[in-house]
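Please go over the structures that come below.
Each of the next two complexes has subunit A plus one other chain: subunit B in the first, subunit C in the second.
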Partner chain A sequence: MRLTNSRYGFLLNLPGLLLVILWVFIPALILFLTSFLRYDNVRPIIFNGLANYKNLLNDRLFWVGMERILVFSVGTTALTFLGGLIIALALSGIARGGGILRSLMIVPWAVPAVVSGIIWKWMFSPDFGVISDLLMKIGFIDKPLSIYGDPRLAMVGVIIADSWTRIPFMGIILLAALLSIPTELHEAAKVDGASSTNRFFYVTLPLIKGPLLVGLLITAIFSFRTIDIIIPLTAGGPGRATYVFGFYIWDQIIKTLNFGMAAAASVVLFFLTAAIALIFIYYLRK
Partner chain B sequence: MFDKIIESRALSYSVAIILLSLMMMPIYWTVVTSFKPDIETYVFPPVYFPKNPTLSPFKLLFESYPFADYLRNSIIVTVSTTFIVTVTGMLAAYGLSQYTFRGSSLTIYTLLATRIIPPLSLLLPFYLVVTWLDLVDNLLSMIIANIYLTYPFAVLIMKSFFDAFPKELIDSAIVDGCSRTGALLKIVLPVGAPGIASAAIITFLWTWNEFIYAFVFTSTSKAQPVTVGCFDCIGDIFVNWNQMCAGALLAALPGIIFVFIAQKYLIRGLTAGAMKF
Partner chain C sequence: MRKRNIIILGLIFTLCFPGVIWAQKAKKAYELIQWNKPQPISQRIGGEKYVLPEGWKEATKGVTKIKVSNFGALEHDPATVQNAKRFEELTGIKVELLAWAEPPIVAKTISIFAAKSKAVDVLCYDHPTTYMQMVAGGWLHPVDAIWNDPGVWKLYAPPTKKGLTAPDGHIYGSIGQTKTMMLFYRPSIVSKPPATWVELQEIAKKVTTDKIWGFVYSAGGEMDIIYPLRDMIYSQGGRMVDLKKQRVMVNSPEGKNAWKMLADMVLVDKSAPTSVLEYSWMAASDMFAMGKAAMVMTHTVDANRFQDPKKAPAIQNDWAVAPPPKWDKTKPDAYHASYFDIDGYMINKYINDNQKAAAMLFLDFMRSYEASYRELIIEGNEAAVIAVYDHPDAKKVPALEGRKAAMSRAVLETFPPAGRALTDIIKEFFANVITKKMEAMEALEKCQKALDEYAVPE
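What follows is the complex of A and B.
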């Protein structure tokens, strides 16, 4: 007996579909159910209605996390965009040796995020930090700086470290987009007397708009859920200076063991991410 | 004048080299520190070129921490995940790209949606399931989690490569008496090899680099992978920074090696996967 093509295609996808159902839908279902339970590993588990969500909105720490993630996510996305665009523009003008330079550009992407956090912690070290020394050498500061003593500096440090891991991806997709622009377009604009700045804004930018939005979307939604680079670097400190929203979920799971609250916060993260994605997709479709 | 400067090759090279040197600084610093003796590690201003490079941080790392166990666990989890994801993902991508079935576009949308779900928000239910199944501190729990984390992207990458195939290639093979599965083995595998390699490498690196699920699912060196191991080492009150950098370097090594030997596949895979929105 021979299967029809459509049955055959379905059969090939069956293992994967089972994986997705087992490992995405069931956990998602458990998550939503748990978010309605009083499940704090102290008292017996009972159905609690919307109490977790109410507690969440009344928790000052929840709002601290929200504020920090907003600053962090916007900062990271902006810095990543800037860094990625400049590197991509520079690399697109290079033919010889471009391969090795491209490899160098991707290296930070390939380093485990938690390891990046460790490396940056060492570089930001208040006692032996190479960053302090370099900044002192160029005369930017006159004594070693500590990101662990200043809340603003801590946020800047965390944004720099996280952008370092994200610039490669942005660079890759922008470089691919830049290289796909036909050179004739630039030649034609040049003949018409357009300056290089004008050509950038009226030729290059509109042509890379799609990939650019995708890059921004991915950077925004990925930085929105980041904690693994911050855990070793500042652990959310000093005080709560870098306590991004992910830490709220993380602490409920591994420290306070209030699983009901963790679930409610996870559901919020889930919907916020979906909202960011939808906004970008809307602009992308336009 | 301004235009000439902006367009000159020299400017491209200088900007690229300055920016990439900055980007490489953390890597350089890790490598240098991992070969420093203690007296050159704990000084300020720091030593930029070690005067007496030594391997002792690596030696001490393996003596004072179960680092060999961490590496073993990482290798088992990563290789198993990559194998399962690449094989099942390849079949799924072949099906999605060549044989539309009822629900095939729904399948694609589901895969895209699972890419957007933050892994952190499914951490709790996964952890609950892992405790119910008594899989805490067991490598299997991490393999399961990593399959969920990498499968959708792997399928999307391979599908975009298979989509680029001329349909006639597969049709003519089938006309010539080749079965559909035969066409998969004889045509899709060899011609689609770059796509499969891209997906496999990216899956490998994501799994190797994963931290938060592994951290929550494991508690001893029996199952802890290298990312969790590194983090445990900085939990001490006094951090041995040269040993720590040696550990960081070992943890980052697979990524760095792949970036240099398989740059083309990585770039093609990441762009192909990213454009699938």
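What follows is the complex of A and C.
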């Protein structure tokens, strides 16, 4: 049998494709179908049309979850970008010992999210935490800060903790992109009299745009499904201040056993994430 | 032709009839166990050595192993591990304990049930907020048979029977460990422990300094605000769950008093920190262990770690226990009551009948005097079987008398399905009070409204 390149490629991809169909498309289809069922483990399962979606729109906590996830996602993506960029720029300029620093940088990424949550909970603790203690010693505050007990600060604390785990990933992507920029371009710009700020905005940034957008896309999408780090930090509190959308889905399944509603909420999250992905892809292709 | 057909039909009926009768009468494997033989259940499991019921061998034929989920790592549960080994010695059935981390344990349990999986035979559960949810899911195998002896209930704390009986009259769970709370205080700061919550509030106000809080409680993690609220409501003779209506009530007169006092401690008296909104029950207990709180209501079992110089260095030789306070002096002494909790076991209804028999046998053993003895003496947990506290070996257990008294007065309330979601609502509105978004009573009424709207239809 003669195989053309495309057929050969297709055959090689077939096992992977089958796995994707089995583990992604079929469950997604089941999820989509479940979202049209009254499936609450109390009454018989029946087709329910769009009732679950209608109920979602009338549920106060659905909107709370939506609002919180948008704030959280924007915050964590922005902070991850800034942190990743700073680290990548710093590491790209280090000639000796860079390898060790790069390895160390990955550590937070390797720490399980729940463990990261516990670490940050302890660091921000008003009673035993190092951060409040340091801030008091340098005279920045006069009494310990209850970051995760204050609804105005809790989201900031959660974003910091979550970004800490994501910055290494962004840093690696950006570092690889930075190292791939030919040095001649910077040198030429320098000779032409461009300042370091101008070189960054007119040489570096356009050349790392692709990897940067990919990094931002992945961070944003992952942030939408985050609850693992938030559970040990605040469990969604205080007073739902950090009740991101994932909690809403979690609660529908685990706390109320309403699988139909949980499926509908997941479908909404799917389309929301897809919309964000499309925006990024649009800019990536531009 | 016609005659032949009649004869054939007659033969079919003759052959099938005994088969049908046999099929109807055939017992399921787990029904072969005679739980009240060789002795009534209460005697069989209530003696120092557990006695296997008759018929267990036939019932568990072919079963070599059962899988049992466990709250957290096994190194923290030496009694459970030893009990599982003992069960294996007695029956030859291996018990594989699955050490599941606590935060996702309910999620894992629901996943097993929702998938109708046979992967786990016995699942552990936290009684007040999870039991009714699993019952409502229709996922549990009824275990009425192992409780079929009126005398058996006398072995346990009084609320056990009511707590385990589901609205349909069946029993779907059994006991692993039990828990309740006591008042822990620092004698160097609080010379005489408060007997009432009213006294406690006054003392907390007086002893608070910039280094130590008068009283700490939990209002941060999942279900945590429920601990102090329940204690205060029970101390007035009130209850949180309206059993008939399957509703959670927080705006009862007792609830109002409790809600107000908890809020006042933070906002008016400043004897408790605003960071109670961060505390799980464990964190509140940590505050006491670290010497940052003069009083705390926490689990009786915490006495073990408070006496450990490594785990609680700041309070060595400076902690004591007192009964849970009653509300005020007008209340009877029976109201010195905290909540009662069962960390129990339930059986997956999707496993086969022989596995069910083995699982029921495991439940039977784990609620026995022998298993309770290990829980109290080896691990320092509370003993489900109250008589274990009178065993001579129990004398070395810290704060023994107080623990026994607390156990015998504790109140068990079983939350309706979606109990955890309901406690989240209470947590949310209480946080609104502490963060001054709402006045205490306004928040309480709104909280009750949200609870009523969320509840399963009557």
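One rule holds for everything that comes next: the second predicted complex is superposed on the first by the 270 of 286 C-alpha atoms of A that agree within 3 Å, B and C clash if a C-alpha of one lies under 4 Å from a C-alpha of the other, contacts with A are read in each partner's own complex, and residues count from 1 in each chain.
The definition used in the following text is that a contact is a pair of C-beta atoms (placed from the backbone, for glycine too) under 8 Å apart; a residue touches a chain by one contact, two chains touch by 3 or more.
Small disclaimer: the values here were computed from a predicted structure and weren't measured.
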{"item": "Superposition on subunit A - do subunit B and subunit C clash or fit", "value": "clash"}
{"item": "Contacts of A:V24 with subunit B and subunit C, given as first, second, both or neither", "value": "first"}
{"item": "Which superposed partner A:F128 touches (first subunit B, second subunit C, both, neither)", "value": "both"}
{"item": "Which superposed partner A:I253 touches (first subunit B, second subunit C, both, neither)", "value": "both"}
{"item": "Partner, of subunit C and subunit B, that touches more residues belonging to subunit A", "value": "B"}
{"item": "Which of subunit B and subunit C A:P151 touches, first, second, both or neither", "value": "second"}
{"item": "First (subunit B), second (subunit C), both or neither touched by A:I218", "value": "first"}
{"item": "A:S266 touches, of subunit B and subunit C: first, second, both or neither?", "value": "first"}
{"item": "Which superposed partner A:R7 touches (first subunit B, second subunit C, both, neither)", "value": "first"}
{"item": "Partner chain(s) touched by A:V114 [first = subunit B, second = subunit C, both, neither]", "value": "both"}
{"item": "Clash with subunit B, by subunit C stretch, listed 110-118, 164-172, 182-190 or 398-406", "value": "110-118"}
{"item": "Footprint overlap on subunit A, where subunit B in one structure and subunit C in the other make contact", "value": "114, 121, 125, 127-128, 144, 231-232, 250, 253-254, 259"}
{"item": "Subunit B-touching residues of subunit A, taken from the complex the two chains share", "value": "5-13, 15-17, 19-20, 23-24, 26-31, 34, 83, 86-87, 89-94, 99, 101-116, 118-123, 125, 127-130, 132-133, 136, 144, 164, 167-169, 172-173, 176, 195-197, 211, 214-215, 217-218, 221, 224-225, 227-228, 231-232, 246, 249-250, 253-254, 259, 262-263, 266-267, 269-270, 273-274, 277, 281, 284"}
{"item": "Partner subunit A, residues of subunit C touching it in the complex", "value": "101, 103, 106-107, 110, 114, 133, 136-138, 220-222, 273-278, 287, 290, 292, 417-418, 420-421, 424, 427-429, 431-432, 434-435, 437, 456"}
{"item": "Residues of subunit B defined as touching subunit A within the complex", "value": "2-3, 6-7, 9, 11-13, 15-17, 19-20, 23-27, 29-30, 33, 41-46, 88-89, 91-92, 94-96, 98-104, 107, 110-111, 114, 116-129, 144, 147-148, 151-152, 155, 180, 205, 208-212, 215-216, 227, 230-231, 234, 241, 244-245, 248, 251-252, 254-256, 258-260, 263, 266-267, 270-271, 274-275, 277"}
{"item": "Contacting residues of subunit A [partner subunit C, same complex]", "value": "41-42, 114, 121, 125-128, 144, 146, 148-151, 231-232, 234-241, 250-251, 253-257, 259"}
